Amino acid sequence: MSGKPQDAEVIGYLQKLSNWGRWGHDDRLGTLNLVTDDVRRAAAGTVRDGTAVSLSFDMDPQNPDPLGHGTVIQRYMELNEVEALFGRAGRFDAVREYVGLIAHGSPTHLDGLAHFSWDGKNYNGFDMSDVRTVGGATKLSVHHAAQGIITRGVLLDIPALHGVPWLEPGHAINPDELAAAEERQGVTVRAGDALFVRTGNFARTAAEGPHPDDHAAGLSAATLPFLRERDVALLSTDGQQEVSPAESADFDLRMPIHVVGLVALGLWLVDNAALDELARTCQEKNRWEFLLSLVPWRMIGVTSSAVNPVAVF
Amino acid sequence: MSGKPQDAEVIGYLQKLSNWGRWGHDDRLGTLNLVTDDVRRAAAGTVRDGTAVSLSFDMDPQNPDPLGHGTVIQRYMELNEVEALFGRAGRFDAVREYVGLIAHGSPTHLDGLAHFSWDGKNYNGFDMSDVRTVGGATKLSVHHAAQGIITRGVLLDIPALHGVPWLEPGHAINPDELAAAEERQGVTVRAGDALFVRTGNFARTAAEGPHPDDHAAGLSAATLPFLRERDVALLSTDGQQEVSPAESADFDLRMPIHVVGLVALGLWLVDNAALDELARTCQEKNRWEFLLSLVPWRMIGVTSSAVNPVAVF
Amino acid sequence: MSGKPQDAEVIGYLQKLSNWGRWGHDDRLGTLNLVTDDVRRAAAGTVRDGTAVSLSFDMDPQNPDPLGHGTVIQRYMELNEVEALFGRAGRFDAVREYVGLIAHGSPTHLDGLAHFSWDGKNYNGFDMSDVRTVGGATKLSVHHAAQGIITRGVLLDIPALHGVPWLEPGHAINPDELAAAEERQGVTVRAGDALFVRTGNFARTAAEGPHPDDHAAGLSAATLPFLRERDVALLSTDGQQEVSPAESADFDLRMPIHVVGLVALGLWLVDNAALDELARTCQEKNRWEFLLSLVPWRMIGVTSSAVNPVAVF
Amino acid sequence: MSGKPQDAEVIGYLQKLSNWGRWGHDDRLGTLNLVTDDVRRAAAGTVRDGTAVSLSFDMDPQNPDPLGHGTVIQRYMELNEVEALFGRAGRFDAVREYVGLIAHGSPTHLDGLAHFSWDGKNYNGFDMSDVRTVGGATKLSVHHAAQGIITRGVLLDIPALHGVPWLEPGHAINPDELAAAEERQGVTVRAGDALFVRTGNFARTAAEGPHPDDHAAGLSAATLPFLRERDVALLSTDGQQEVSPAESADFDLRMPIHVVGLVALGLWLVDNAALDELARTCQEKNRWEFLLSLVPWRMIGVTSSAVNPVAVF
């Protein structure tokens, strides 16, 4: 089950692992359908002591793109609103701000289902041309996730499995490692879970600086069947999901988790999660499940949202 | 205890109800200090069936300012990212978007503690000049709420108390009505709660159109001692908190909940919540408490966040 | 020669009046090729007394869209730059601003050649798909007009021809009126000219308010052969060029000046020029030609520029 | 007259060279008052052959800040406007774009009179607090230059004076060099002129790369009396005006041309002009004067404008 998958196999996943039609031909939610009331109820039931851990980094308009991904973060303040609105100053005053950002990139962000396409199609067969410049993502907008993603979260800590602080750049996590981490941690990923897979990428960068070629540890495409079988509702890593350099020399397969995950599975992704404090907390408590609360923007037509997923133990 | 409070009394609240120094002289969190681990644990314990209800409206870039508050919502798409990034097209493709918005205004949004000042001071004595155009809110930024606001939510439905679908514009909710609603509903607001007070403003507007002078039901300044005594962590209404027209002729007192709440209590506010479906759900289940999950932007220096608070029952 | 042109005739203009290939198959400038050094020299030679008149309205971020065309104008100030940049205040200080705008719409603005397409083609046969979300207008960007549009300007004042302060909404200016105005004013439009045709639309709106159906005076499609024969380099009106309501019931022909002008002729357009003060000045001086100075943004990839054309007499 | 000026002398310029009150106590135009009709007429009279040269660089949203000055340049396209507006496609189509930029920084840009302050005051004694976040520059906005800056331009080429392709970084141009360049070129700077002083900074950077400490040739503060005596209306260099490193160790005097020029003289500045092609053209024609056409944004409240000054010979 290890070893990097063949290109044909990965391309085959697009059919084999597909969730198209599973929740109806007009479904907009993909794997969020797996977060049922029962799943949410059980997730709340995992809370023991109420400790909360943020899985997001700060967004800083004065350092908008620490990872170099073309991110925009702007924040322009308007001061002295009272005089501006009422033509006179008072004892009270107010401020507000314009915020401009491109969340896809450096921030901890959610990828909605319209973010990626394959052969011109998004999840569930919607056409990529349904994403329009004026109307935005007209079919698979993030605002459909209006109930948020409140579910059980599970952390699989792969560096801990190997007894190292972080995985080396280029390490491709395979499904055996996911299974071994489950075994070691005494937790089993199940339908509707938000799965966080820790690589230690950001811990490594903090200690050793950025990799010269931007290489990073990440998931092998071989984990896709695992994600589909377990019916994961949301996948997140401390990085961009995929291992870098890519496992395949085929240009089209350089981002297989994004392509197969978003397009075929309808699997929502969170890139660049902050998992180091989470891992420490899980380790201390020896508990690898938690209530995950992630509520994206409710903005019509977007394919992303800057998010702050919070874990409650 | 009813009747509109005297101006001197309201101004007195700024001292009398003050939380300045209560959590240390450098505290940035105000009433979010009340959301302890125990409070979060207990909140999770309110979940029975897992039903989730969004308390937010959609933000629509094509209709950004339905309430006429000067809101900006922009969404500009970038298509065909693969060709743009790699200089060649492939079988996969990606899109992203720039989003620009002013959340203070029409959207369902969180007011952070630096949003309002009185006599040049923000909550805890920080100076309003600590909000800078370049650095933003340097002391009381919303990003300090990194753990989110995950706590018990309580709805007090004042129209239901009176057996009407909505309160008339200009109806000032007084503390007696809050207490009567608690009694009627069999729920008691306690420390760390997120309190949602329903006026029915949006139901009324949907049925009858906007009020010509923008009048609306809202809280009387007389409710401020209640909010402080009960140690509410977050306050929200389906409107702008205060009753309109203002109870006081004094210009400085036209927004007493914002002024006393944000500045003196350090009380976080959510304006323009969607409470009608929440009220129906509470009524059906005859349960007025729920797990409230609200996670704002983790952006340095901002005084607002567009939010989608989600209630889980 | 009067009377509204038949639809087939207008569609025929796309071929008959075409400048495609006239200045080479890779030409990006269209009618700006007509502004030769000689034309510029002669234009400078029209200056007699040095009076300057602006042909633009102000853009106001606090009233961005007076004509209701979806215009965005944002201006966000950053104050106290010295402290922000150097970490300390000094005796000197500086401010700067972020400006965001959509020029197509209410402002006085230039339409570049990539703004309109017909059957998927822009001017000179470039494909409309050469306008990309990431790269912008890759072939016919406004920045190609790097030398500006400095040429002879000519005003034809049609209301003055008829002895009225403004034309009624729906008045379609035909080529006979253009010729009659030339005759009356003693001026002849020639190759390389910037032609300003006054309707009095804004004078009418100022006096009588906006037309309920947004009707306005404007050019008949029948003027297109005149524009081509005279080899006008730039066309501008105090409005949106075309008469409204449209002369044709054919959806595709509702904006014939834009379509035929931009796509077939490669004719640059300025919408919403301020021509009333210009007309008064011309009348006073009894001079209808002037040095026209219009320098658009030199920004790669745009199809518009907010402009302030200035006439020097 | 050479040698760097003493700090006290430069500070003295703020009084000694002041134009405050010269054109009335409410004057908003400063040295643009010097561009009279006669000046414009004479400027038009300098045109001989009609050659036009742009003095601006392109602004490129994909490389917005080549000089590293914090510039923002955004361009977001909206395609298929016809379908978006009318709900149906046609044979014609249109595009538009949102443009966002901070012109102060890398682009060729105009500094308006509210850009800099000294001891809390802008030009003519207006208070720097008259620049507001909501209203912008309420007194000295760039839109007051509605007639544009159409005047005689003069180039003084200092590297050519010294027979070198560019001045070395740190070279402070003194008034003797300006006078010597006038003599050599046979031109005399006079009232109302737009003066362009070439350093060769960009030619040097193109040949040798950016200076490690960002040092550059520029004007000595000692040139300020020259600028005032000659009554220059606009000053521009191929750089940021001042020599770098600064001539003075006094923090407050690191930008004397900006401070004394904008605040005391009311002198409009253009930073980062492209002067190399201009210099070649002047040399070829042995003519150092030209018609300068520069028309800034007519936007209320701004302190900057991206500009493309065009020289016509």
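A few notes on this one:
Which chain is which? They are A, B, C and D, in the order written, and residues in each are numbered from 1.
Everything below uses one rule, namely that contacts are C-beta pairs under 8 Å (C-beta built on N, C-alpha and C of every residue); 3 or more make two chains touch, one makes a residue touch a chain.
The shown structure was predicted, so the numbers you read here are calculated from the model rather than taken from an experiment.
Chain copies chain A and chain C are related through a rotation whose angle, from the C-alpha fit, is 180° to the nearest 5.
Because chain A and chain B carry the same sequence, their contact can be compared by residue number, and over half of the numbers here are used by both. Put simply, the C-alpha centre of chain B and that of chain D have 47 angstrom between them. One finds 27 Å separating the Cα centroids of chain A and chain B. The residues of chain C that reach two or more other chains are 72, 74, 76-79, 98, 100, 132-135, listed in rising order.
Judged by the touch criterion defined above, the protein chains are all mutually in contact, each touching every other. Put simply, chain A touches chain C in their complex at residues 74, 76-78, 98, 133.
Chain D meets chain C in the complex at residues 36-45, 47-54, 56-62, 72-77, 79, 86, 88, 90-105, 108, 114-120, 128, 131-137, 143, 146-148, 150, 251-252, 255, 258-259, 291, 293-304, 306-310, 312. Against chain B, in their complex, chain C makes its touches with residues 72, 74, 77-81, 84, 100, 132-135.
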